[in-house]
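Common to both upcoming complexes is subunit A, partnered first by subunit B, then by subunit C.
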Partner chain A sequence: MTLKTKEYKLRIPSQTDNLELIRYFVGRVAEKVGFDDEDVGKIELACDEACTNVIKHAYSDRSQHQSLDIAIKLDYQKLTLIVTDHGKGFDPQAIKIPDMKEYLAELKVGGLGIYLMKTLMDEVTYDIKPGLRNQVSMVKYFINKKDSMVVNNSKKA
Partner chain B sequence: MENFKIQRSDQDRISTLSISGFLDAHTAPKLEEAIQSLIDDGRYQIIVNFSDLTYISSAGLGVFMGFIEEIRNKSGDIKMCRMSPKIYRVFDLLGFPTIYQIFDREEEAAARFGPVKA
Partner chain C sequence: MEIKTRTEGAVRILEMTGDLMGGAELDRFRQCIDEAIEEEKVNVVVDLGKVNWMNSSGLGMLISGLTSLRSSGGDLRLANLTERIRRPLQITKLDSVFQQFTSVADAVKSY
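And now, the complex of A and B:
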């Protein structure tokens, strides 16, 4: 199978009751392109965490129902998941990835989502344009970089 | 759509919450209510049975973090059991097995509740 760049998109109201549908969408695309169950689960969870952050923070004023855009881009080597919102932005430099040892010792609440996104995906980047749009992009490679240098398209379904 | 369910059963001083379905930011408040009502009833020895839970996100994990200190301060605990490998992986990624006891079977979790400490 030769994969050219393909794109799948979902625009959906930014509400927690849509998280299930968002996971379903992302999960089925990831499955279709050959990720195994474990990776599909990781991609679903990372997307859920990114969307939950938007729903809870970007649109926290709840003055109106806002929408959330989820795009999945595929090329021959990776899946890129892009979550875009038009809510209030934030300073990506200010994001603190919790030190889990410290975190657990203090039994803190919150901040776990960001840690999970970083852990579950191969790359996570933010692109914040205040007042215009905020974007988080997360990449998962088809072949784990540490496993092999040989590109093999006959992946297990 | 009933995507998350909680069943509570009280036996002697132990209360078990059997949870099923998806535990995410949408359904986490239900679990929060269930644990809060146990605390309101003075029941601090809690087992959470995960056997029918198919999904958990940090919003669900955060619920346990939000209550554990209060419950342990009352000499209680939240013990967990019957997690699928998929759910356990999420707990494990965050290092949660170091702060929560997780058992294969519910009876094992129940057996670990010793006499109430002073």
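And now, the complex of A and C:
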């Protein structure tokens, strides 16, 4: 049996004004494949954060090619959202995920975007090739992993 | 994003409309907070009822306002949060930092 997969793509100029349209695109696909309102909101917010990072940081040199590619891949168990830019890239190892206890105690400004992405989605990975292609891939499973473990355990019992 | 300001008694109210996403909007918001501090109206209510969207930059904007006002002896309290706006606050646990009210009137009364 071959697994059915689907892919939706959007190429759009990397501009803050387009974030609403990007969220709409991502949100409607997530809705169409059956995510509830809460998960649709989470996917929209994670995508917004990833795209905002590109707009703010990847294309600070305006001479660079400034498009943003959003791809949504669907298979039987998950939605994978891939945001690709052709900007300057970054070292994902150098990103410090804030310790929220410390963050709340000191009330720092900024640095929450990547924390949000990691918290909102089930998996976040980077593939960075500076100046050529930078990708962030974010996965949301149709069945929450914790729920799936409960189902599996109850099957065993 | 648009910001309308008004004052009720000693409380400055900022009515926000549109998307809270930092950028150029941050300057306008900072200006409103600076004016409130200069005019000694350091107890501020931010009405989020007409805000469609907020990302981490918008959150940063609110935190920056909160810290400035608290260091001037005041506070920044939130009113009329929709579910969509509450989500980033809950996920980052910043909902424990901001006092939230279901109406501007209740937020004003809390001071």
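We take it that the second predicted complex is superposed on the first by the 142 of 157 C-alpha atoms of A that agree within 3 Å, B and C clash if a C-alpha of one lies under 4 Å from a C-alpha of the other, contacts with A are read in each partner's own complex, and residues count from 1 in each chain.
Note that a residue touches a chain if its C-beta (ideal position, glycine included) is under 8 Å from a C-beta of that chain, and two chains touch if they have at least 3 such contacts.
In this text, all values refer to a predicted model and were calculated from it rather than measured experimentally.
Trainee: Let's test your reading of the overlay: on subunit A, do subunit B and subunit C clash or fit side by side?
Mentor: Subunit B/subunit C on subunit A - steric clash.
Trainee: Who does A:Leu21 touch here: subunit B (first), subunit C (second), both, or neither?
Mentor: neither
Trainee: For A:Ile97, is the partner it touches subunit B (first), subunit C (second), both, or none of the two (neither)?
Mentor: neither
Trainee: May I ask you to decide whether A:Leu45 touches subunit B, subunit C, both, or neither, giving the answer as first, second, both or neither?
Mentor: In the superposition, A:Leu45 contacts both subunit B and subunit C.
Trainee: Answer with first, second, both or neither: which of subunit B and subunit C does A:Gly113 touch in the superposed model?
Mentor: It touches subunit B and subunit C both.
Trainee: In the superposed arrangement, what residues of subunit A touch both subunit B and subunit C?
Mentor: Subunit A residues touching both partners: 16, 19-20, 23, 38, 41, 45, 48-49, 52, 100, 104, 107-110, 112-113, 115-116, 119-120.
Trainee: Please give the residue numbers of subunit A that touch subunit B in the complex, ascending.
Mentor: Residue positions touching the partner: 16-17, 19-20, 23, 38, 41, 44-45, 48-49, 52, 55-56, 100-101, 104, 107-110, 112-113, 115-116, 119-120.
Trainee: Taking the complex as given, what residues does subunit C use to touch subunit A?
Mentor: 19, 21, 23, 53, 55-57, 59-60, 63-64, 66-67, 83-84, 87-88, 91-94, 96-97
Trainee: Touching subunit C in the complex: which residues of subunit A?
Mentor: 16, 19-20, 23, 38, 41-42, 45, 48-49, 52, 100, 103-104, 107-110, 112-113, 115-116, 119-120
Trainee: Could you please specify the touching residues of subunit B with respect to subunit A in the complex?
Mentor: 3, 22, 24-26, 55, 57-59, 61-62, 65-66, 68-69, 86, 89-90, 93-96, 98-99
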